[in-house]
Amino acid sequence: MKRLFNWLLPHPVMTLILAIVWISLQNNLSFGMAVFGLILGVIIPRLTAVWWPDRPKSFKIGKMTAYVVLVLWDIIVANVEVAWIVLTRPNSKLRPAWIIIPLDLCQPEAITVLAGTITLTPGTVSSDVSNTGHYLLIHALDAPDPDAVRDDIKQRYESRLKEIFV
Amino acid sequence: MTFADDFLSWALVIAFTAVAISQIFAMIRLLIGPGTADRILALDTMVVNVIGVIVLLGISQGTQIYFEVAMIIAMLGFVSTVAYARFVLRGDIIE
Amino acid sequence: MNWIEIGTYAVGVFLLIGAIFTLVGAIGLLRFNDAMTRLHAPTKVGTMGIGALLLASMTATFVFGEGSFHELLIMAFLFVTAPISANFISKVNIHHKTCMAPPDPPEGERWSTSLKEENDQVTTDM
Amino acid sequence: MEVLVASAVGIMTTTGLYLILRLRTFPVILGMSLLTYAVNVFLFASGRLTVGAPPILTDDATMYADPLPQALVLTAIVISFGMTAVVVMIALGAYLGTDDDHVDDLIVSDDEDVQ
Amino acid sequence: MSLFLIVALPFFGALLPSLMNSAGRQAVAGVTFTVTLLAFVGLMTNLPAVLNGDVVQNGFDWFPELGLNVTLMLDGLGFLFATMILGIGLLIIAYARFYLSRNDNMGEFFTYLLLFQGAMVGIVLSNNILLLLVFWELTSLSSFLLIGYWKHLEAGRQGARMALTVTGLGGLALIAGMLMLGKIVGSYDLSVILQNRELIQADPLYVPVLLLILLGAFTKSAQFPFHFWLPHAMAAPTPVSAYLHSATMVKAGIFLMARMWPVLSGTPEWFYIVTTTGLITMIVGAVIALFKHDLKALLAFSTVSHLGLITMLLGTGTAFGAFAAMFHILNHATFKAALFMSAGIIDHETNTRDIRKLGGLRHLMPITFLIAIIAALSMAGIPLLNGFLSKEMMLEEMAHTYLFGPKWLVPTLATFGSLFSAAYCFRMIGHTFLGPKRKPESYPAKPHDPSVGLWLPPAILAVLVVVIGVAPFLVQDFVILIAKSVIRDAAHLDVKYIKIWHGFVPALYMSIVAVLGGLIIVVMFRPLSRLWDKTPRPEAKNFFDNIIMAILICARSCIHPLHNGAFTRYAMIMVITTVAAGYHAWATGVVGNVTRGLQPVGWVEIGGWIMLVSAAISLAALHYNRLLSLILIGIVGLMVSIGFVFLSAPDLAMTQITVEVVTIILLLLALNFLPNLTPLESSMWRRGSDVIVAGCAGLATMLLTYHYLLRDAISVPISEFHLANSYEGGGGTNVVNVILVDFRGFDTFGEIIVLGIAALLIYALTETLLNGPVRARLLNRAPDKQLSGTQHPMMMVVLTRVMMPVVLMVGFYIFLRGHNEPGGGFIAGLIVSIAVVMQYMASGFRWASDRQRLPYHGVIGAGVLIAGLTGIGSWFFSKPFLTSDFAYLRIPPFEKFEIATAALFDLGVFLAVVGAVMLTLESFSRLARRAHVKDSDSPMDIDPSRSIVELTQPQKGE
Amino acid sequence: MTHWIIALIVLPAMLAPFIVLSARYHIGIQRVFSLFGVIALIAISAGLAWVASDGTIILYQLGDWKAPFGIVLVGDMLSTLMVFLTAVLALFVLLYVIGSGWDERGRHFHALFQFQLMGIMGAFLTGDLFNLFVFFEVLLIASYGLMIHAGGNKRLRAGVQYVLFNLLGSTLFLFALGSIYAETGTLNMADLALRAQMIGADATVGIRVASVLLLLVFAIKAAVVPLHFWLPSSYAEAPGPVAALFAIMTKVGAYAIIRVYTMIFPPQLEVTTGLQGVWLMPAALLSLALGMIGILAAKSLDRLVAFSVIGSMGMVMVAIALMTPEGIASALYYIVHSTLAGAALFLIVDLVKSSRPSLSLTAMPPFAGSTVTAGLFFVAAIAMAGLPPLSGFVGKLMILDASFDTALGVWVWIVVLTASLISLVGFARAGSIVFWKAESVPAGEDSEVFERSHAMSYSAVGGLIVLLAAYTVFGGQAQSYMIVTSQQLFAPNAYIETVIGSQGKMSNIFSEED
């Protein structure tokens, strides 16, 4: 039974996401639409499951939602800061820097979310991963104190992600 | 024609103009380069701006009909960015 | 001042925010003098700009029509794909050395971009 | 509006043809793509220009853009995509075999007895 | 026997010798002889009617609308020629049986000979001038084969081509002349034409007709200045020379002049052209003949001379001239064929035809000598032989002919010609047979009289020579009959009888002068010959060769530089042609009034325009950087798509964008193999002219676009119907989609087939390349640039995993809604393909396709089949292909939805697109697999969740 | 409603994917299906030609939509004649392909072959201009595949040019179609004919440019000089049987010109006067001259034959350019002839190629079967050069006859006759070098040994020659048929009424042109 369930729903979260996507696509929140969306949400991940062999074992949706809200807020704040830099700071006064972030995360999915967060938050871009995946290379637009940026990222995002991807 | 409508249409004009100008800036960056990365970046920016134009068009015409176009650009635009970058990095984009 | 009027103002404000951020992104793209620095401006500021425009659009649909969440989907796609684009463009910069070289990671590791295949050599006879 | 579209067609035709007259297959193929854009816009314009009236039937619309040229252009886009793929492949095959991507295939004249 | 059968017999019989080749030489010759004999007998069955003065006619319609019918007629003239052709043909066949060596393919020879025979008989029996043309050209073709029969001989091949060229030239002139003649008369029937003398001669086209027909006749009959081909045709085996080049084919021109005599002769034009040509030819031929050392060449030029003589006679336009001509034709055929065969015997026996190596043969070959001397003396015009009779008639006629200059000039020239004629006859006999007796060993081969098979045929002819010469009254009535059939109503013939002795008339004196003079010349031959050799004179063959060479060089210099594979020039010419033709159409028309207003322009439009234009121009300017130009073309595409959005075409915009992405992927895949830079090769001037030409074309398209945009169509566009019926008739509100899958679904059917073929083609070519010489090169290819270590970056892989299902769902959504909203099978297909490509790009082709790979061939096939079967489905409802139907269904809990056959059709489109795109991209990426680069076994380069030991990316420190 | 006419398109269109799906790896099965398909096409097209021969216009409304709103197929005497010719040609080509094993030298030959047939059939049958474009593309892309079948560097490089040139042509076609639609608002040929008549003398540039652009497009297909440059290399480099099949492709262009310029823009239509008259005849004469000169100038046998195709298309175009019933009738007669003769020549060239080290016109030792091949070449060359007794000669007479007393008649006569002579010299030269001169060249010790071609190959060529002979023998009947066909073309009212007047789905609701 569990195997059947696993086979049918290789990614339950994905099924949910797809159902939501379907409803937003149709822009029609009716029961029929939801059912249809869920059916697609089962079929499509089933078709693509072969390409996602080692899915994360667990995933905390609630914490993830809170994380998304946090990130969105950070994005807005940082955007204003960066916009200010873009408009006012001359090239000569910029202090761009490479920052290496040692990773405690080891799931590709988690690292990717972290890297994505870093990129989406203005002022920093995730640029590369080391060959073992233990270090993340990021570039900061204006970082007078690179270590502060590194620590900020580790405690603000990575620690949360560790709880989301157990 | 209330002031709100006036405000909205002015805002639309300003937004259109802003997007158009930023397109032209991106185009300039694309042409002057100097690196391939800059050009890819400029292209990527332009693709994103195009989504903005389409959205603005939808607002100004009061229609949702262009939504899919914008969505497809948002969804697939990055594929070409990745393809260009992969070409530079690896030569073969599907290996 | 009714809801529609408020909505109209909201749309206008979102539009102006979007306009500003879009423009700022492009300005950054044009004016910064370092390839990696340039990467910051459009990929994020631009995203914010388009995000605001999308918000404007969504608000507009609620104010003037039946309302839709389509724009959220577009925003989601943009936010999900933007990091990959940025990641690849950084890699191109690192690979082409069009930016300040990144420091090596500790413990003798290498950045994945600078790994080389033994057989891949530049040949002139092609 | 008409001036913009017409001049865009003209400029794309010019640049496309200029590239088609180049000597290597790659620019020629790009020129062909550009020319395809030009002709697609031209074909599209044969239904005249209409702003803000897509040919999607709704109850309140009073006029629609001409749908037929749109359908024709769609067909043309698809066909030219297939053609582009083919010409790219053939050009690639020719290049791989001869190490030469000149589009001109100059015949080397071999002098043999005339009679 | 029916005339048709007489003509057809040789043609059908021609198959036999080749088919019977294995049955032996005897059988081959036998069957050929039998066929000819049958035809000959068939001809003779018509003798009574002919002698009765009847014109035998029969035939049937062939091309009645054109006027080319198989109608045949037999009158005296036709009978004379047909008898010659078949009668001498019989002798030649017998002779050839013994003449050809065992190495020669006798079946082939006799096949050609019979073809020729049939064509000749056809000419002389045609009652339709177009049919005559058919046979006329056939004689040229069959003689080409016969002359070139000895393929290994250079001379034979060249002679054949020369003969074909010259007679072909004449034949084409004849075609023109005959067609014009038919146009004048309104019929191509000879019997009708021959009754319209006044009409023809009064027509303004008379002179062109005359010139063209004479050109045909003169070339065929080797008249000056077209005489040169005949001697070169002598490279043919002797039977061919004897048959074609003395007795038959060369007489075809004479026949034609005789046939047309009633309607064409009698005018000053005819008289001056024909008589002069004949006279010159007679003299030139005779003079040249005298100095030829090759027996056959001598005979060839003598033939030229005698043909000139006959032509001259016909040219006088008098009844007597025609009569004399007919008589001489008969006589010439007898003695000349006999001489050729004798020459062949000599060649056969001594292995040489060079007169200088011969002499004294009368002792070794008495029979041959006898035959030859009779024939030669006849040709020289010695009394009691038939040649004397007709030659004297000629001199008689010339004595009364005034052409140009003083009155005595023509008779003198005629005598001069006869004198040389006599001279070469004497020389031939004297230098070949007379002279001191020599031992057989002194010749290249040991000569002796040949077997009876070789000498009997000429002997028969020699007997005829004597019989006619001694007793001309035997043939007199016959010749009169022939002459009358030539003359018809055009003139009155008052010849009572042919006499050996006319009394002391001018002709007799001229004859005596000629014979005596001939003897003197032979005596003085050596000094004359030296003088001849020293005289510079144009060599016709060189002249001809030079002309042909000049034409060939001309042809090559106009064809090869123009078609040298320079595509750029081809394209340039095409563009210029198009612009010029379009401009001409425009300039000769009237520009109508403007009926539509301009639409307002906003800043956004201008901004978009600037982007588009700057991208396009930069593309042209910066195309040397190929990656940059790819990016630029992407921008052009992007701008065009947004233009489509702006101008109310969301479907187009979506299609454009998706196609754009796939195209760029494709071009990048290709660029991987190609050089990254385009070298600057074209000159400034060249680029300048390219800009001008392209600019003109661009300007033209711009004006044209602008022109149409400002004017309405002449009537309501048919799309009004589509808009009005899309929903009720097609069941969809997206009219573009309904047009695509319903109103014009057939276009779409063709379109997906194009895509399918493209993919199959690309696959097939990939297979060919991978199995061909390119394979090794591909496998050992070294990249042309430093590669980074990032094959399958983790971020990309992870994100693709999330994106993939969503994109597929969007694809499905786009597919479903296409009928009513922007979207449809095509766009959906592209979206799904791009999703799969995204997966390939992320995790590698091998990893991704190992896990899930659709059989793309099958997908394409299924797509086309589904689309096609959907169309066929309507047959079962007695509706035409692709007739759509739809219904609305409601299955709880879903809302009402539509089921349409069009959706099924769209599914076919979808599948075909997915299959085609994927097969194409897969083929490209297969080319890129390199032998020494291992496909990675894991989806991403770096996966920290696995243990480090498992890392598949080999560690490569520097 | 019978579906036979659509079967000509659907059958190959379904057979091809079926072959790809089910018989991809079994050449034998592919051959059986391919042959079956072609034979069925012959039967069906013969039946249609029979039906159309009494003047019946066969109309097929796809999707049951009334013309001009939907696409229609129209079978009249001309189109059924052309499809029948195509099917017959295809049979012989296919037999040759099977005999020579060409289909095994690359992938998907039979599928591409069927698609090629589908495209050609569609182009002949459709009554809609845009649909004609689609079928042009189908036949072109299939031809690309067939042309580069089996690969090889020279072939691929020629293929690039062939494709590029035709892409330019297709682009031009779209420009023409855009102009047509912009000017008239329709795409259906019959409707176009009606609407062209509505255009007043005060606004003619639009339709004039459209009509000229269309003419240029078809002229490219018909390889009219100076738009012929795509032909020599591609036909020479294409596999022999493919080039033989291509003999019908140039005729598609000729067909389209005949169709469009007798029905839509007939000579008497005032708004388009003086267009094709000015351009077409000189270009046709130039083509004829250039093609025939090319025969003389050619340095290899394959290019020689390619030029002969240009020349014979020039001949066809001369007849068409007369734009008289007689001219078109003679053009039709010549089209059939030149298709069969051209195909035969290309197959013969392939026979030579398969047994001789190269096709260059230099002396080489004699090769296996050269006597038979020489005979076949001789006959085919006679046909192509327009010498008696074969149909080319009669066709030439017809054209000369038809052009007598016309404006450029004198030039027609001069060029036709001179060109004949030049081609005669060229063919004689080539034949004597390849087949005769060989006898004087001793076979070298190390000369390659070639297998003698399969008997089926010879019989395919022989079959074409026999057809040519039959076409000559029964030429009178053929000519009468062509004359009636031509008269039908010059009286297009029946066609137009059938197409426009027939009712279809929803036509009761929508009243036309309100």
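As written, the chains take the letters A, B, C, D, E and F, and residue 1 is the first residue of each chain.
FYI, a residue touches a chain if its C-beta (ideal position, glycine included) is under 8 Å from a C-beta of that chain, and two chains touch if they have at least 3 such contacts.
All figures in this text were calculated on a predicted structure; none of them were measured in a lab.
> Chain by chain, through touching neighbours only, how many steps does the shortest route from chain C to chain F take?
2
> Treat touching chains as neighbours and tell me the shortest step distance from chain A to chain C.
Step count on the best path from chain A to chain C: 1.
> Using the touch definition from the top, list the chains contacting both chain C and chain D.
A chain counts here if it touches both chain C and chain D, which gives B, E.
> By CA centroid distance, what chain is farthest from chain F?
A
> Work out the mean Cα position per chain and let me know which chain is farthest from chain B.
E
> Going by C-alpha centres, which chain is most central here?
Chain F is the most central one.
> Tally the contacting C-beta pairs at the B-D interface and at the E-F interface, and name the larger one.
More contacting C-beta pairs are found at E-F.
> So the centre of each chain is just the mean of its C-alpha atoms; given that, what is the distance between chain C and chain E in Å?
66
> So the centre of each chain is just the mean of its C-alpha atoms; given that, what is the distance between chain D and chain E in Å?
Here chain D and chain E have centroids separated by 36 Å.
> With centres defined as the mean C-alpha position, give me the chain D-chain F separation in Å.
26
> From the mean C-alpha coordinate of chain A to that of chain D, what's the distance rounded to whole Å?
About 41 Å, centre to centre.
> Give the residues of chain A that touch two or more other chains, as numbers and ranges in rising order.
In chain A, residues 21, 25, 27, 115-116, 126, 129-132, 134 touch at least two other chains, as defined above.
> Spell out, as numbers or ranges, the residues of chain B touching 2 or more other chains.
17, 19, 21, 23, 36, 40, 56, 64-65, 71, 75, 82, 86, 88-89 - these are the residues of chain B that touch more than one other chain.
> Two or more other chains touching the same residue: where does that happen in chain C?
Residues 20, 25, 27, 39, 43, 47, 68, 70, 73, 80-84, 87-88, 90-91, 93-95, 110, 112-113, 115.
> Using the touch rule from the top of the page, what pairs of chains touch, sorted by label?
A-C, A-E, B-C, B-D, B-E, C-E, D-E, D-F, E-F
> Which positions of chain B touch chain C when the two form their complex?
Contacts found on chain B: 2, 4-5, 7-8, 10-12, 14-15, 17-19, 21-23, 25-26, 28-29, 34-38, 40-42, 44-45, 48-49, 51-52, 55-56, 58-59, 62, 64, 67, 70-71, 74-75, 77-78, 81-82, 85-86, 88-89.
> Along chain E, where are the residues that touch chain C in the complex?
The contact residues of chain E facing chain C are 675, 781-790, 793, 795-796, 799, 802-803, 932-933, 941-942, 953, 956-958.
> Can you list the chain F residues touching chain D in their complex?
Going through chain F, the ones touching chain D are 130, 134, 137, 141, 144, 148, 151-154, 156-161, 163-164, 167-168, 170-171, 174-175, 177-179, 181-182, 187, 233, 299, 360-362.
> Which residues of chain E touch chain A in the complex?
It comes out as residues 789, 793-795, 797-802, 804-806, 808-810, 812-813, 839, 843, 848, 851-852, 892-895, 939-940, 942-945, 948, 951, 953, 955.
> Which residues of chain A touch chain C in the complex?
Residues of chain A touching chain C: 21, 24-25, 27, 75-76, 78-79, 82-83, 86-87, 91, 94, 96, 98, 100, 102, 115-116, 119-132, 134-135, 137, 139, 141.
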